[in-house]
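So, here come the structures, one by one.
Here chain A shows up in two complexes: once beside chain B, once beside chain C.
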Partner chain A sequence: MTTQQNQLNALENRVTWRRRFSIFSVAAMAVGLLVVGSLVLTVGSVHIAFRQVWAILVSHLPLVNLEVNWSSTTDMIVTGIRLPRIILAGMAGAALGVAGATYQGLFRNPLADPYLIGVAQGAALGAVTGFLLPWTFLGGYLIPVLAFLGALVSVSAVYLIARVGKAIPVTTLILAGVAIGSFLISLTSYITIISADKMPGILSWLMGKFSMANWEQVGLIAPFLVVGLAVIFIFARPLNVMQLDEEQAEQLGINVERTKLILMAASTLITAAAVCFVGTIGFVGIIIPHAVRLIWGPDHRTLLPLAALSGAILLILADTASRTLFPPTEIPVGVITAFLGAPFFLFLLRRKKKAVF
Partner chain B sequence: MIKLEMQGISLSYNHAPVVDKVSFQVVPGEMLGLIGPNGCGKTSIIKALSRVLPLRSGKIQLDGQDINRLSRSQMAKLIGVVPQNPLMPETFTVAEVVLLGRTPHLGLLRHESAGDLKIVEWAMERTGMSTLASRKIGELSGGERQRVTVARVLAQEPVAILLDEPTANLDINHQTAILDLIRDLCKERNLAVLIALHDLNLAAQYCDKLVILKGGRLFTEGTPRQVITAENILAVYGMNSLVYPHPENTLPVVLASNKADNRSNNSRISEK
Partner chain C sequence: MATSLESPSTRIEGDFLFLFGNDLARMDLMRRFYFLGSIILALLIAASGCKSPVPQGNITDDLGRTVQIKGIPQRIVSLSPSNTEIVYALGLEDRLIGVTTYCNYPPEAQKKLQVSGYSTVDVEKVVSLQPDLILADSIHKTEVIPALEKLGIPVIGIVAPSLDQLLADIELVGKISGKQNAASVLVASLKQRITAVKEKTAGASKPRVFFVTWHDPLWTVGRGSMIDDLIVRAGGSNMASDLKANQTIDLETAIQRNPEVIVVLSSMGDQAVSYNFLKNEPRFQATDALKNNRVYQVDSDIFGRTTPRTIDALEELAKLIHPELYK
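Moving on, here comes the complex of A and B:
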């Protein structure tokens, strides 16, 4: 009886300890994001002291009256140029990290990410088309809106083609995703080649950039991101259950088809939101979830928030490197994520040759 | 008394009929074996009982209530299923998978309570998995994996358990160990157990009652002593056999007949 009691306490202790560790990790990562975010605010063509950066940020809070001992230009650099750019990069990183983790969990496939099922390619085609259209009624929103529509259309096409009866088998989904993705890439390449004078703009979008970031863009994608992330976080436990096969998940009371549909819609929404202003940025959706899983384990209730926070940190750092390494030239951020991401991925594979997933 | 009752159920798979007007019932504390040749409809019946395969006609009642009226989580609280080849995430620990069994009892956002953990601990204890609780699924043997699934189903606290060939691909010692466990649970928790088996000897040793299916129809039902006979085996499997009483408990034991005239008889049947 006493050994039984001990074992019971052991399980309870283990679960409680794990939960505390998760909460602590999420909190620590959030603090890390704040520190990294404010540190990179100091970096750029003009160096601004760390204390001054915080003073400027705090002075913009309501009900705060600080003695202003900095120029309005400094304020403009921090809050008008660098801050929206950092926030946009952070939001894109969070979205790509969470979307990658969700697609991987949903399809029980370690390779699943926004690129595998055609979402990113659809967004790219939409955006590139936008560069060539003479329409002006949408102003600067033409490209993001078309990117968004492209992502939705391509994921719907993949979904409908892959559907067999009432279900979407993983193999047909990935085959359809790869086929449609390749088809969309060929269209995008064709459009890029015939675009003549617009080619440089298109190419820089395709490689990912944050140089045009502003508060308007932040405000436009933030609601989509918040809603998408909230939905995904709420469905973290069903996503855990779906790591068993679909039949077992159904027998445990999960409405599998509905859960898949909701999670697919939410991750497509945040992918499109991430991609529409900043272009296609690879490797974040695959590296971040794997790295988090290796350290914290496969429970989506911990994995998803940590993927959001670490994705944000990674992309903020990558973007900072992109704008500060070779000034005034900006290296496309997609180039940096691929340059760092690919070796990191190989390192992970070497270190843990068996089940990474 | 919460019994599981099939009333004239017919099932089809991709429009091909596989089960035709089958009726029988499983009562609490009773282990009912479903036997018959491959393709006779055993798996389809288990899928229908867990609502994975829709009924073409007929009715399934649990405690006098049509199971189609139940919500998914109500179903999951009443009926637990051990599928034929359950897929499990390799990086989850045993305790994490068994905890998933509490899903139907939890809301979308609620964490597992101390009570849930107590049930999970009991389920692991009862299946002999306590010492392996923090082991990864990928490190387990086939027999241990099967026990994890049984523990996960126990954590659901169902009133009925359905098992589809739980002994397939296991060594003989693990086969008897898992069936011993299921029979003990059936008796001590008063569970209604339906178990599809293809090994006639295991079915005869462990089940209280057997239902023999042939070509999607119910051929016969009764206790192992009543239905495991050479005549029935010839009629259902087209094979001559010798049926002896087990030296320890007199339950029927089936041996394939090796006589030359039986073999020719056999090949004649397989040729037709």
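Moving on, here comes the complex of A and C:
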């Protein structure tokens, strides 16, 4: 009896310890995100002293009256250029990390990424069309709006094609995604090649950039992100159950098809929101979930929030590199994510050497 | 923008239209004109046959390639709008048998057979035209030029990152096509206009100029580019002269450097996307250029090419940078 009791106690201890560790990790990463975010605020192609950046930030807090000994341009660089840019990068990173983790879990496929079922390809076609259309009624929002719509239309097309009755067989979905994706890429490439003097702008968009991030963009994509992430986090437990096969998940009381549809819609929404202003940034969506899984294990209840936080940190760091490595020019952020992300991921893979799934 | 530089060809065409007026009395005059013309032509052919040096031999193009030219080219294909404009300016349009879909100046160029897009060249079509000279661009360096060269067609790559190089190129094309005189006359008049701008802006202040070719991310032009040369010669200082030719520039640096004049390239000829963006971007409002309402758009067809019209661009730029000198 005592041995059984002990074993049970040990197991319980392990579970609670794991749970505590997860909660601690999420908290630590959240603090890490704040630290990274505020540190990179002090670097940029224009040199502003560390203390001054902080003084500027503090001076914007309510009820604080600081003596202003900096120019309005300096203030604007910190609060009008760097801060929204860092926040937008963090939001995009969180969205891509979570969407990647969701798709990998949903399709039980380690190769899945947020762009698997046509989001990026649809967004890209929408964006390049926006580059070429002479319309002016949407002002500067023509490209993001078309990118966002392109993503939604493309994923809907993939979904409708792959649907068999009420079910969406995963293999059919992925194949339809790949086929439609290739079709859209061919159109995008064609438009790019005929775009003449707009080609630099188009290529920058396709490789991702935060160069013109501003508070309006942050405000416009925030609602999509908050709602999408909340929905996905709520479905963390069903996602865990769905790691068994779909039939078993059904027997355990999960409405598999409905869960799939809701998670796909939420992931599509956050990915489309993330890419519409900043372009199709690669690698974050596939590397972050795997890295998190390798370090913290596959439980979606911790995987999803940690993917959001580490995705945000990675993209903030990548964007900082993009704007500070060769000042005053910028390197497309997608180049950095691939350059940093791929070796880091290989390092993790070699160190763990065990099956990820 | 007034095109003050008419190519000699357009002027001659204008005279023909005048002669073809319905005044019948002019018919006689015309016949005489033709008679005289044919004699001059015969003399010219005889002269070129015996004493003018047939430009045979090797020349080095702007890509550093050595090209052998045999005889005077009679069938010319242009693979860039800049080259097409140079060909017309030298009065070689009758020998021009192929152009690109972007060759829109002079307007007559659009009626020529199109054999190429921006970077995609229909090599088969080009070869079928049996050209004896192809005027290419730097974008054709890696694929198109070797392919055409292999087929035995002389290809000259023309890339002009400065006004001096442009003038040298005009003379080069003139020389190999037997139009030395037209080329020297043209180059002399262009040089005169360049000097006029130099004299006008000498001694004036040198405002910081920010030249924007795209707005998101901000693309600008640094040293080693035609635009940089034009800004300096027009009496400005290029805000991005520490960068190389075509580069992105960080928004915070662009604002910190506080441009006094912002010149934005239009897109695809006349679209004002980047101009509208910069005019309305709140974060640029703090710069001197926006405060003093000195944001201008220029035509990408003129500023994006290197042709005799580049001197128009220089004059326009000087007027934008120094309006006080051109009152």
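Please note the rule applied: the second predicted complex is superposed on the first by the 331 of 357 C-alpha atoms of A that agree within 3 Å, B and C clash if a C-alpha of one lies under 4 Å from a C-alpha of the other, contacts with A are read in each partner's own complex, and residues count from 1 in each chain.
Basically, a residue touches a chain if its C-beta (ideal position, glycine included) is under 8 Å from a C-beta of that chain, and two chains touch if they have at least 3 such contacts.
The structure displayed is predicted, hence computed values, not measured ones.
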{"item": "Superposed partners chain B and chain C on chain A - clash or fit", "value": "fit"}
{"item": "Apex chain A: angle to the C-alpha centres of chain B and chain C, given in degrees as a multiple of 10", "value": "140"}
{"item": "First, second, both or neither for A:222, with chain B first and chain C second", "value": "neither"}
{"item": "Touched partner set for A:194, first chain B, second chain C, both or neither", "value": "second"}
{"item": "First, second, both or neither for A:234, with chain B first and chain C second", "value": "first"}
{"item": "Which superposed partner A:43 touches (first chain B, second chain C, both, neither)", "value": "neither"}
{"item": "Touched partner set for A:340, first chain B, second chain C, both or neither", "value": "neither"}
{"item": "Shortest CA-CA distance between chain B and chain C [superposed frame, angstrom]", "value": "43"}
{"item": "Chain C-contacting residues of chain A that also contact chain B", "value": "none"}
{"item": "Chain C residues within the chain A interface of the complex", "value": "102, 117-120, 213-219, 240, 242-243, 246-256, 258, 265, 267-268, 271, 276-277, 280-283, 286, 300, 304"}
{"item": "Chain A to chain B touching residues, read off their complex", "value": "4, 7-8, 10-12, 14-15, 19, 108, 234-235, 237-238, 240-241, 243-245, 247-248, 250-255, 293, 297-299, 354-355, 357"}
{"item": "Interfacial residue positions of chain B with respect to chain A in the complex", "value": "50-52, 71-73, 75-77, 79-81, 83, 86-92, 95-97, 100-101, 103-104, 106, 108-109, 111-112, 114, 117-118, 120-121, 124-125, 130, 133-134, 138, 156"}
{"item": "Complex contact set, residues of chain A against chain C", "value": "44-46, 72-73, 76-77, 80-82, 134, 136, 139-140, 193-194, 196-198, 200-201, 204-205, 209, 211-212, 214, 323, 327-330"}
